[in-house]
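Both complexes shown next keep chain A, but they swap its partner, so chain B is in the first and chain C is in the second.
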Partner chain A sequence: MPIRTHQSAAGQVNSRIDNTVRTWISHIHVDRGIGRMLVLLVIAFALFAVLNPRVFMNPLNLQNIMVSAPEVGILAIAMTLAMLTGGIDLSLVSIANLTAITISTMYTGLVGSDPALAESLGGVIVLVGIAVGVLAGLINAFLISTVGITPILATLATMQIFNGIAIVWTGGKTLYGAPQALSAVGKSTVAGVPVLFLLFLVVAIVIGLLVNRTPFGRKTQLQGANPTAARFSGIRSASVLYGTYLTTGLLGGLAGVLFVTRNPTASADYGTSYVLLVIVIAVLGGTNPMGGFATVTGVVLATLVLQVVQSGFNAIRLSSYEYSIAQGVILIGVMVFDQLRFRRRTRYVASTQTRNIASMSNVGEDADETPDTAGADSVETK
Partner chain B sequence: MTLAQRMKTLAPRLVGANNEGVLAIIIVVLIIVMSLLSPSFFTVHTLFSIVRSALVPSILAIAVLLVIISGGIDVSFAAIAIFAAYTTVHLAQQGQFDPGIIGILLFACAIGAVLGFVNGAVIARFRLPTLIVTLATQGIFRGILLVYIGSRYIAQLPDSMAGLSTANLIAIDSSRSYLPLLVVPVAVIVLIVAWMLRRTMFGRGIYAIGGDTEAARRAGFPVVRFQIILYMMVGAIAAIGGLIHVILNRNANPQDIVGTELDVIAAVVLGGASIFGGRGSVLGTVLGVVLVQLINNSLLLMGVPTAWQRAAVGLLLVVGVGIQALSARRASRRTFVLDTVEA
Partner chain C sequence: MAERNEAPVLEVRGIVKVFGGVTALDGVSMSLLPGRVHCLAGENGSGKSTLIKIISGVDTPDAGEILIDGEAMSGMTPARALRAGIQVIYQDFSLFPNLTVAENIVLPAAIASRKKLFNRARSRPGAQRIVDELGLTLDLDADVEKLSVADRQLTAICRALVQDARILFMDEPTTALTHSEVARLFGLVRKLQERGVAIVFVSHKLDEVLEVSHDITVLRSGQLVASGDAREYSVQSLTVAMTGRDVDTTRLVNDLGKRGAPLLEVSRLDLPGAFTDISFDLAPGEILGITGLLGSGRGEIVEALFGLLKPESGTVTVNGAALRPGSIRSSISAGIGYVPEDRLTQGLFLEKSIADNIIAGSLDSHARGKVVLSQKRIAETISTLFTRLRIKAPSVAAPVRSLSGGNAQRVVLAKWLATKPKILILNGPTVGVDVGSKNEILTILRDAAREGMGVIMISDDVPELVSICNRVLIVRRGSLVAEFDSEQIEAQRIQEVMAA
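Our next item is the complex of A and B:
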C-alpha cells in the first residue's frame, strides 16, 4: 500500500509539472506568434533595404509606409474584432468609403455657400461621417444578431448595399474636397513620425485593452471560442454581437476619415483590394478565423510587414498584381504552417492525456483536432 | 381524405425542400407586375435577353452550388473562369492554331481542374477555412494571369469559337430576338450536375460532407478525396463558364468576370442553398439566377439607373436570407431543440 500512495503522489507531481510545462509552452507559443511577425518584419525590411537601398531607405519612403499603414491597420483591427466572435465583416471597406463620401459631400456643399463656416464645422463633419460608420455597423449588428443571418452573408449583402449607395451617391465619379484641417493633420509629424501613425497606435492600444482587460473583451473571446458555453455561462450573445459590430462600424468610419485625411478625395471604389488585404493581415497577425483568439499586437505588426512588402515591391518595380500573388502565398503559407504546428501540438497533448487518464482511452485524436478546440485552448491558456 | 388534408400534404411538396416553390411564385408575380407596368416587358425579346444574360451566371452558380453544398464557400471561381478561358484563347492565338471547339473546351477544363486542384488540396489536406483559402488563391490566380500570361485584350477569337458566338438556336429576325446556341451546353451541364447530385454516390457524398464532415467520414465517405475531386470539378465547370463568357462577348478580356463573384453567390444563396452546407438544389439555384437577372432587367426597363443594381441585389440577399434565418429560428423554438448553429 505505501508503495501505491507513493506512486500516486509521484503521478500527481508528474501531472502538475506536466501542466505547468504545458502552460509555459503555450505562453511561448503566443509570444512566438508575435515574435514571428517581428522576425518577418525585420527580414522583409532588410531584404528590400539591400535590394534597392536608394529608393527603399529614402526617408520619404519610410514616412510613406507609416502614413499608409494606419488606414489598412485600423480596418484590420476591426476585422480582427469580428473574427474574434467567430464572424467576419466584409463590409468594412464599403463603410469606410461611405464615411469618406459623407465627409467630402458635406464639406463641398458647405464650402459652396460659406468657406469659413465649412472650415469651422470640420469637426462636426468628421463626427457625422463617423456616425454614418456606426450606423452601418448597427445595421450589420441588427442583421446578424436580431435577424440571425450568418455574419458572412449579412456583411456580404450590406457590402453590396453600402457600395451600391456609394455608387449611386457619387454617380461613379471621384469626389474632391475635404476639410483643410484634416489634410493638415495628415501632413503633420511629431519627431519625424506622422500623426496618423500615432493615431493608429492609440487605436490599437485602446482596442487591445478593450479585448484583454475588460469584461466585454472576455465575453467576446468566449463567444467566439464556444458560443454554446458562452450562452450557458449567462453571456447574452446579442449584447456581445451588437458591441462588436458597432465597434467595427466605428473603426470602419475612422478608416474612412483617414482616407480623406491622406488624400482629399472620396469614391465608391477606393480600396477594393483592401478586402483581401485586411483578412490577410488579421490572419497573419495570429487571429483565429474560427473565433476565440486574437492579438492586436500581432495585427499591428502584420500590418507593418505587409506595408513594408508592398513598398518594397514598388521599390524593386514589381506590379500590384505581383503583390497580390505575394499576399495570397503568404496567407496560405502561414495558415498551413500554423495548422501543421497545431496538429503536432494537439497530438502531443492528446497522447499525454491518454497516458495520464487511462480510463478515458477513447479520447480520439480527431476530436482534438477540430478548430473549435484550438480557439478554446488558446483563450484558456492565454 | 378531405380537401383541407390534401391541401396540407400538397403545400410542402409545392414549396419544395429549399423553398423552390416560393421562389417560382415570386418570379411569376414579378413577371406579372412588370408586364402590367411596361408593355415592352412581356415579349420574346425580353425572354431571350434574360436567358442570354443568365447563361454565364447559371454555369458559375452551379459551380458555387457544389462548393456551398459541401459546406464551403468559393470566391476564386471567377478568377479560375477567366484564367482558363483567357489562357486558352491566348495560347491558340500565339500558336496560330485552332484545336477546334472540343480541343479548346478540353484544354480550358484541364486548366480549370488544375487550379481547382490547388484549392481542393489546400482545403482538404489542411482543413483550412474555405473562404480565406479561396480569397488567397483568387489573388494568386488573378496575379499569375495578369503578370505572366497576359493583360492584353484579345479581340480576335479562334475561328471555331468565333463561329459559335453568332450561332443561334432560335432567331426571330422581325423582333431582333436571338437565342444563342450555347443554351444547349448550359442546359446539358445543369442537367448532368442535377443528376449527379441526386443519383450518384459522389453527389450524395457531397451532401453528407456538407451536413456533417465527421459523420460523412464515419459513414465511409473518403472525405479528402471527394473534396479534392469536388474542387477540380468546380474549377472545370467555372472554366466552361469562362469560355461561354468569352464566346458570347466575342473577345477575351483578362479583367472580366472577376468582381461578379458576390452576385453569383447571392443568387445561389437566394436559391435556397444553406451556407452551412448540406442543403441546396440545382433547380433552386437556377431560379435564383433567373430572379437576379429578372430584377436587373426590370430595373433597367423601369428606368432605374444601373448604379442601383448592386444595392438591389444586396437588398434582395438581405430579405431572402433574413426570411430564411427568421423562419429557422422560429422552427427551432417550436421544436424545443437547442440549435448551436443559431447561437
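Our next item is the complex of A and C:
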C-alpha cells in the first residue's frame, strides 16, 4: 500500500506539472498577438538601429516615435473594442476630427473676446470636445444595437456624416488654435518619456482591465465569441453594444484631443490614412476580426512596431509609399504565420481529444486536480 | 446462415491509427456484407469516427488494409471511396440549405461525373426516380432549409443512393428523430437492405441498434472489444461491452416527501401556433419530464418559461412572483436556468476556455459591487464545478471545442449551476452524449434536485425519463394531453400516448 500511495503522489505531481505546462501553452496560443509583436518590435528596432544608427537612435527621433504613437494607438484600441464584439468602427477618425474641430472652434471663439477666460476654460472645452465624441458613439450604438444595422455599414454611414459635418463646418480649411495648456502637456516629459505616451499607456491599462476584469468586458468577449450563446446565457446584447460604441466614441474623442495637443490645429481631413491603419494594427495585435478575442497589450505593441517601421523608413530615406507597402507585407506575413500555426493547432486539438477519450479513466483522475484557474484570463492586460 | 457466406463488400483488417502518440485505433477489423445492417457501437471517442474517416478516405491509416470486393485498396482517397460506392451520411447531413431537395439529391452525382453544365430542370426526373423507388413522400421543389430534420435525412439518403451507394454509413441517424420518424427510417433501411446495400449504423441508442442490426462491432478506446451476431446481445450486455462497466438502467427517483408550496406555477400559457392553455407546477426538488413528438410544442413551452418566446397570455410565477413574459433577464433573475437543445451554438462559446464558459452566466454575481470581478471567487467557482461535474479535460484553460459531447454538456450544466438556479430546464440534455456520461449527467441532476432545485427535462428518450422523473407530462399538438404520476410512469404507456 505505501508504494501505491507513493506512486500516485508522484503521478499527481506529474499531472500537476503537465496541467501547468498545458495551461501555459494555451496562454501562448491565446495571447498570440503579444509574443509575435514583441519579436517584430525587437527585430524592427534592431534593423533600423543598425541601418542608420545616427538618425534612428537619435533621442529626438525616439521621442518622436513616443509622441506620434499615442493618437494612432488609442484609435487602434478603440477599434479593438469594436472588433471584440465582432463589429468594427470606421467612424473613429471622423469622430476624432470632430472633437478636434469642436475644441479649436470653441477656443478661437473665446480667445477673440477674452483670452484669459479661454485659457481658464481649457478643461471645459476639452470635456465638451470629448462629449462630442461620446455623442457620436451614442449615434453609432443606436444604429447598431437599437436599429440593428451591421456595424460596418452603420459606421461607414456615420463616418461620411461626421466627416461631412466637419468639412461643412470648417469650410474645408484648417483651424488654428487650441488651449495652451494642451500644447504644454504635449511638450512635457517625465524622466524623458513624453506625457502623451504615458497617457497612452494609462488608457491601455484601463481598457485592458475593463476587458478582462469587469463583467462588462467579459460579456463583450462572450458576445463577440458567440452572440447566440450570449443571449442564451442572459447577456443583453444592447448593453454590450451600447457600452462598446460609447467607449469607442469616448476613445475617438480622446484621440481628437491628442490631435490638437500635438499640433494646435484641426481640420476635417487630418489622419485619413488612420482609418485603415488602425484596423491593421488591431489585427496585428492579435484581435480576431470575427470577435471574441483580443489583447490590448498586443495592440500596444503592434502600434509601436508600425511607428518604429515608419520612423525607420524615414531614417533610411524611404517614402511613405514604401511604408504603406511595408504595412501590407507585415500584415500578410503575420496572417500567413497564423494560418500555419492554426493548422498545427487544429491537429493538436484533435490529438488531445483522442487522448482524452482513449484513456478516459486516467484522464478522469487528471481532471480531479485543482484546476489552474489562471486560464480564466483569456485576454492579457497591461 | 447462407447469407453469411456471401463475400463481404468491404473488409478492413488490422487498422491502426495513431494521432500524436495516442492510439485512436488499435488493430481494428470489420467486414460488411451486402444487404445487412452492421452496427458500429462505442462511446464518444472510442474510435468510431476515426474508423469511418479511414474507410471513406479522409484519414490515412498507419497500418492495416482496406479491401473492397476482396481487392486491397492502397492509398484510399475520398474520391476513390466514392467511386467504390462508399457513402457517409454525417449527423449534419452536409446538405445545401439554399438549394431544393431535387438539386441536393442530384448535384453531387452531377459533380462527380464531371458535368460542366448543370440543368436545374433536368435534375428533377433523376431525383423523382429515386424518391419513387423508395416510396417516399418528399417535396422535391422545397428548399432544404425549410424541411424538417427527418426530411433532410431522407434527402441525404436519396443523394447517397443516386450516387450508387453500395456501402452506406449513417452516423447517429436517429438522434433528432421522433418515435414515428424512427420507425419510418427503419422501414427505409429495410428497403435499402433489399437493394443489397450494406448499411453501417452508428448510434448511442442501443435498443434501436438492436432492433435493426444483424451484425455488431463494438469499439472501446480504439480497440475491438466485441463483434458478432446482433441476436446474441441485449441492451445490458452491449452497454457493458461499450463502457467496460455495468450501467444501472433501473428507475432511481428522489423521494419528494410531502408536497409543499410549488416552486414554479405555470397558468394558462398561450402562444397561438405553438401551444395552448398550458398549466402545470413544479415542486422544489422535483424532476419533471416533458415529452412529445418533435413539433408538438414541447420545446416552445420551455422556451417561453425561459423568456426566449413571449406567450400571448397566461402567467408564470416562481415562488409566487410573476415573471415578465418574454424576458430572459427576468427569468434568470428569478432563478431559472436553461440548457438548450443545440448546445454547440446556443449553449457554448466553443473557442473560449472551459473556465470562461463556466462563469459566462454568473459574471455579475462574481463582481465586487458589480464592477470589478473577484478573481478569487471566480477561481473557486470554476474549480468546484470542474471537479464536481468531473469534466474530463487537460485543464480549465482548454477550449470547449476540444471536448467530447458528454464533457461539453457538463460545461453547459456547470455554467448554470454556477448561477445557483432554483429551477433548471434542460432540453434534450443527453442527446449525442455517450452512455457513461449520460448516466453521470442524470446523477448530477438527481443530486441537484435532492438539494431542492426543481428540474424540468425535455427528452425523447423515454427510458431516460422513466429512470429519473417524478412526473412526466406529454404534449401533443400544443396541448398537455397526459400526466403520469410517480406510480404510473412506464415506458410502454408513455410511448403509446406520445404517438397517438
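One rule holds in what follows: the second predicted complex is superposed on the first by the 323 of 382 C-alpha atoms of A that agree within 3 Å, B and C clash if a C-alpha of one lies under 4 Å from a C-alpha of the other, contacts with A are read in each partner's own complex, and residues count from 1 in each chain.
Methods note: a residue touches a chain if its C-beta (ideal position, glycine included) is under 8 Å from a C-beta of that chain, and two chains touch if they have at least 3 such contacts.
Keep in mind the model is a prediction, meaning the values are calculated, not measured.
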Which superposed partner A:Val195 touches (first chain B, second chain C, both, neither): neither
Partner chain(s) touched by A:Gly292 [first = chain B, second = chain C, both, neither]: second
Partner chain in contact with A:Arg236 - chain B first, chain C second, else both or neither: second
Touching partner for A:Leu138 - first (chain B), second (chain C), both, neither: neither
First, second, both or neither for A:Gln327, with chain B first and chain C second: first
Which superposed partner A:Val55 touches (first chain B, second chain C, both, neither): neither
Contacts of A:Leu121 with chain B and chain C, given as first, second, both or neither: neither
Contacts of A:Thr228 with chain B and chain C, given as first, second, both or neither: both
Footprint overlap on chain A, comparing chain B with chain C: 228, 230-231, 366, 371
Chain C residues touching chain A - in the complex, by the definition given at the top: 19-24, 43-47, 50, 221-222, 308, 328-329, 332, 338, 340, 345-356, 359-361, 363-364, 366-367, 370-373, 375, 378-379, 382-383, 386-387, 390-399, 401-404, 407, 415, 436
Contact set on chain A toward chain B in their complex: 88, 143, 147-150, 152-154, 156-161, 163-165, 167-168, 171-172, 227-228, 230-231, 237, 276, 279-280, 283, 289-290, 319, 321-325, 327-329, 331-332, 335-336, 339-340, 366, 369, 371
Chain B residues within the chain A interface of the complex: 73, 122, 126-129, 131-133, 135-140, 142-144, 146-147, 214, 262, 265-266, 269, 275-276, 305, 307-315, 317-318, 321-322, 325-326, 328-329, 338, 340, 342-343
Residues of chain A that touch chain C when the two form their complex: 18-19, 22-23, 26-27, 213-215, 218-219, 221-222, 225-226, 228-236, 292-293, 347-360, 363-364, 366-368, 370-376, 378
